[in-house]
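In the two complexes below, subunit A is the common chain; its partner is subunit B in one and subunit C in the other.
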Partner chain A sequence: MAETKKQTRAEKKALKERMKHLRSGKLEKRYARTGFIFMIPWFIGAAVFLAYPLGSSFWYALNNIRITPLGRIFNFVGHGNFTQILIQDPDFMVYLVDYLTSTIISVPIIVVFALLIAMMLNMKIKGKGFFRLIFFLPVIIVSGPILGMLNSQGAGSVSAIDTAALSGAIGSVLPEIIAKPISDVFSNMITTLWYSGVQILIFLSGLQKIDKSMYEAAKIDGGSGWECFWKITLPNLRSMILLNTIYTVVFISNNSENPIIGLIKDSMFSGTKEKGYGYASAMAWLYSVVVLILVGLFALLLMTRKDQYEKQVKRAMKARKRETRNKKRIERRNRRNARRIEQQRAKGRITSHTTKRDDY
Partner chain B sequence: MRERFTREKIHRFMFGSKDREGFLKQFVVYALLICIGFIYVYPILHMVSSSLMTLDDLLDSSIKWLPSSLNFSNYEQAAKSMDFWNALWQSIVIAGVPTICNLISCSVTGYALARYDFPGKKIVFGVIILSFVLPSQITMIPTYVLYSNLGILNTIWAFILPAMFAQGFKAPIFILIFWQFFRQIPKALIEASRIDGAGHFRSFFRIALPSAKPAFITVALFSFVWYWNESYLTELYVHGVYGQTEWTTLVVQLDNFAANFSSYQQTATAGATNLNESINMSGTLLSILPLLILYFVLQRHFVESIDRTGITGE
Partner chain C sequence: MKKKLTAMLLAGLMTVGILAGCGNSGGGSTGNTGSSGGGDTASSGGNAGGATSVTNDYELVTVDGSSHQYKKYKDMTTEPITLTYFHFDQDEIVQYLAKRFMQIYPNITVNVQYENVATYNTTLSTLVSNNQAPDLIMHSDCDYALSNMLLADISSYFNTDEETKNLADTITAAGLGTYSLEGGMRYSVPVKFFPGVIFIDRNVLETLNLKVPTQQWKWEDMIQLIKDATVLNSPDGMAYYGLGYYNRLDSYYGIAARQDIIGEFGFNGKVFDLSEWAVGEQEFSNLKLGGYIAPSTETQAMEDWCGDWEGWAGNTGHAAIFSEAFWTFQNTWNTPAYKEAYNLDIVPYVIPAVSEADAGADHHSIATIDYGGVTTSCKYQREAYELLKFMAFGVDGWYTRCEAYADESIVNALGTALKYDVMPVPITKDEGVWDEYIKVFCAGMDDEHTGLWRDYFASCMQPISFGWTSIAGYWNFCDEYFNKIGIHDLVDNGTAQAADYVEEANRKANYYHAQAMLDYFGPSAYNVLSESEIAEYEKMKTDNQ
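And now, the complex of A and B:
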């Protein structure tokens, strides 16, 4: 048994080796070439508008750039821009912390809210088209200046919800650092909710793809609606939740209402000696790294959560393996002991109580 | 006996049975939907109502929603100060032309990714997703320099050129939409066309493109709307930071509304009032009005778009 297994493994390895040396066929090659031809626009674009700016932006960030009538003068300063931003800039760190806290708070709110709306829209209700019309409205309206205008005119919050009392209540329970962003989110409730247009769309189409018969089967087995939600809906929407979370983070970070990107633009065109293109690039790099880390964190948080069923199966498999291993070990030991006893007995120096001693 | 029967009936009516939803649950769902729907529409209602108010109405605290008389002079002033017709035309051009370029380049890229295997495909996907997640600010400054070197800064080419090479605004999403859609087309269809003697390009144009109509509609709509609503990059690349060019869009005009209005006020001969909430709101409404009309006309496509393209497959 073990021998054949070893053999097949060796065979497989050899096959792999041979596959490596095998050249792909003519047709395959031609296909790959055509694929490349189709990709040419993207390759050019990625080189010119993505890779080149990315690289030179990093180079800019290490320099102090001054614009003179003769052209741009580069002055290498190393990490000078970064330290200046982190230590001296009065606004950047404040904005960054604000951005981080408000994003971490509002992303779950937006995603959960979008899920709720999507589930309600997915039910059997009258006037579905009308409600959809309303809830997708933000998709087309959400843009920086319009939101800014609405906020400045006080249309960003509902006066019917007494936000002052709410934020006061929050402030009395939680410390200032946590309470402020939360009450900020509440006082801009409408704008927060308005961010969830595309997310509702994505959730809705995900919900419609779930097989209806699963719910029926669960119902027959006596599952309540609550259980159905946790055991069927949510696991099926897992990838969509991840997608929506990432989309929301990206959307909030690129929204022109975000003060940080305004700050980057301001310092880009600032006439002062130490600011300018280099300083702004360094800021953009810092900001991008923070955004990437944030996206990565959210992704990690949501991706590691495995299926409950898979988890159980894995655990059971592991336990079984351990058991069989133990059993085999015990068997081996017993056999060894039995053999030794046999030998001893054959030599004729054994009594019933010396079976376990073998050091003489 | 009779009483118990009715009680059972009421219970069933309120909480529902196996095949019917209960009244209570339905009531809660409708109430929630209507409440949240109201919150969604509230800013727009607010906008409409306060844009119709006169100054007296605004100051009168007894008037909250309904203005005492319909007053369209706010719109007139806002439209004049925003240079509405010119800005509308330019918005359509600035949003429309890059959209067409986006359609062409992203569909080609999506097709290549869906249909062909070539070395380094995974890396390409990685780069696409990375470029979606990266904030555009990181490439903004060198791109700005690049455009000014190419001499296309403050012209519409600054939007068209990247869109032509599938690097336009939010292009990664569109590439993924096309990729997802072309994957769903049965491979046998393409192979059949190959057997009938069509080349790679012919089978792309004749078979793949016509069947990808829903993807095209979705991408066109979203690309148009997103270009329309983009103010930050439009101001930087096309409008010019100091407003040096002729190019402008409604959203950019709205962003600089106060400045525009004060300059209009100085040139206007008569009838210009001070900037107030009503005029602000009418300006805001004017800048989203074209999109609202587009939305109500094409709402079916918006609502069904993501279903049909199956963007959510990944």
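And now, the complex of A and C:
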């Protein structure tokens, strides 16, 4: 039996070796070539518009740069720009803390709002398409300068909400560092909600993918709408929630209304000699590291985990396997003991009533 | 096969499409001389064989549409060339001037590019980094222009040009545009000049039975008048205020205090001394705290005062003195609609000097001046200088400007006649130009008011520009220290005294100035500082570290 097993293993190894030396067929090669050709635009695009600018901006970050009509003048300063930003530029750290707190607060609001609207838009209502358009319209219209203009005219806040009173109330309960971003979210409520157009669309597509029969089965079993939401809708939208959260973080981080983006831009074109392209690049790198960490944290928090039911099934399967294994082991031992007793009995060493309890 | 070919073709097209955006658009006049190590210095763009000075040899020519005889200089190139002028001036007037210049020099094409002042530096930096630097630029913030070595040395033209001898005295005496360099290099010339002015509403003084001052008034006279004209419990139920402000008085005082001061914050050409500024700052703050200054627009105090949240002291008829900008007169108070709607009698006064001796004569006063220069990459520097002069301070340019301002059918994008938009003041002392200018400026005024304006214009020709336009490192100082601390707010709300900051501010200002001089003009940049200047600025930097 053991010999047969060994043979099989050797065969498998030999097969693997043979496979290694096997040359792929013409058709396979052609497919591979075509695939590579289709990937070339992406590779070139990534090299030219991603890798090269990334490399350049990192090189810029290590230099003090002057852009003169006669060319660029680089002066290598090593980590000088980073040190200056972290130690001597109070604005950056203040803006960064503001950004972090406001993002952590506004991302859940945007995502939850988008989910609610998507669920409403997924219901059987008249003029569904029109409502979908209404909620997506801000994505097209309200961008960049227009958003800035609207905000400056006070269109970003709900006039019915007494933001001053709200800010006062929040400020009296919470410390300033937490109270300020929360009040900012309320005073820019409309803007925050305008940011959810794309997320609504993503959630809509996710909702439409959920199998209707699951809801039907749940209804037959007496499940309420509330239970259906928590046990069917939400688990099925988990990956969409993660996607939307990351999208929202990236959107907020790159938005032209974000003060850090403004700070980087101002530094880029600042007359102050210490600033300029190099300083701005260093600031952008520091900022992108912070954004990456934030995205990573959100991803860790929301990464799709295995379902509880699946976990229980797996646990039960494992327990069953363990039981079967134990049962088999006991059977084997019984057989072995029975054989041994038989052999000793045949030799006339023991009689049936002398069997020791320990043999078991 | 057909499908495969189409697929390949599409992939190829996508690749080409991606690469299409990467090409160098060209158009720039120079190549990229990127260097590392900090030791390399960009050299001049060259002069393409043109004249290196102004020979002042010209012929008089007339052009279609004007009876004025223009000087056509003989040392200008006859080759067909194009000059690009990048500006944030009033675009219609610049276009008008460019057309006239091209009539005088038909071989020169002037390409005018306007950019809003808010995005001006950003757009200019983008152009420069794309090797599309213009030939001539305007600038407001000199730190930006100098740190990026945008400006070429035009002293050989400026110093040999006869017309420059007739400019306002301080242009040379206070070194405006030369950045206090011992070598006398000039990088900028004034393009737009708006003199400092104090406006008085004579109707308010008459209502309050107050005496109208003379043009020789002193600083303390002005402060007293502000106090006297403040009547909080007036019989008509609406309070009178002494001062409606736009510009802060500390900037005014800092220049009016002494004649050896040639820049903001007590700058004397080498070092800063903020002690005089502190006096003005404190005085202004005391006026504010004392309730002598009219409420600012969009405040509750303004609504309480005149019943309009967005009200403006300038049209209430209840504010006596205004530290408004020069252009407010033409584009607001002197417009037909305004004259009709409000009963105001606004007259100009020169910013008063602090000492009696200075008040009796022409004295320095702060002015809004925007500068311009020829870029380092410009190939036709002689021609570019001539165009710059035409756009900025040249006599011929100003005759053309007056012609355009007088014609009220020439309007801006909003349909307003150029005269009522933002009309600057000639910085030349040429009498012919001034006669034309006053004719345009005072059109429709009675003799008395015309006389008042004449008197004012005669007294405002000792301008000193705001610090950020003419002192290297000034903006860095404000950015990194003054504004960062928020000194104005601290003093205004009474939590600090201006004098408390003088010592530290002097050190900081001198440090940033010394550092800027070394950075901009030292060996790693223009490289025009003498050994003694380098040593001096190094010492100043170390002493004030």
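As a working rule, the second predicted complex is superposed on the first by the 281 of 360 C-alpha atoms of A that agree within 3 Å, B and C clash if a C-alpha of one lies under 4 Å from a C-alpha of the other, contacts with A are read in each partner's own complex, and residues count from 1 in each chain.
The rule we apply is simple: a contact is a pair of C-beta atoms (placed from the backbone, for glycine too) under 8 Å apart; a residue touches a chain by one contact, two chains touch by 3 or more.
This is a predicted model, so every value here is computed, not measured.
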item: Partner chain in contact with A:S239 - subunit B first, subunit C second, else both or neither; value: first
item: Which superposed partner A:G80 touches (first subunit B, second subunit C, both, neither); value: neither
item: Touching partner for A:P69 - first (subunit B), second (subunit C), both, neither; value: second
item: Superposed model, subunit A: greater residue contact from subunit B or subunit C; value: B
item: Touched partner set for A:L150, first subunit B, second subunit C, both or neither; value: first
item: First (subunit B), second (subunit C), both or neither touched by A:R132; value: first
item: Subunit B versus subunit C as contact partner of A:V48, first or second or both or neither; value: both
item: Subunit A positions touched by subunit B in one structure and by subunit C in the second; value: 34, 37-38, 41, 44-45, 48-49, 72, 265, 268-269
item: Of all residues in subunit A, those that touch subunit C in their complex; value: 34, 37-38, 40-41, 44-45, 48-49, 63-64, 66-76, 90, 265, 268-274, 276
item: Partner subunit A, residues of subunit B touching it in the complex; value: 18, 21, 26, 29-30, 32-33, 36-37, 39-44, 46-47, 50, 105, 108-109, 111-113, 115-119, 124, 127, 131-146, 162, 164-167, 175, 200, 204, 225, 228-232, 236, 241, 251-252, 254-255, 257, 277, 280-281, 283-284, 287-288, 291-292, 294-296, 299, 302-303, 305-307, 310-312, 314
item: Residues of subunit C touching subunit A in the complex; value: 4, 7-8, 11, 14-15, 17-19, 22, 29-38, 40-45, 121-122, 125, 128-129, 133, 141-145, 147-150, 375-378, 475-476, 479-480, 484, 515-516, 519-520, 524-525
item: Residues on subunit A engaged by subunit B in the complex (per definition of touch); value: 28, 31-39, 41-42, 44-46, 48-50, 52-54, 56-57, 60, 72, 117, 120-121, 123-125, 129, 131-146, 148-150, 152-153, 155-156, 158, 189-190, 193-194, 201-202, 204-206, 208-209, 219, 239-240, 243, 246, 250, 253-254, 256, 261, 264-265, 268-269, 277, 280-281, 284-285, 287-288, 291-292, 295
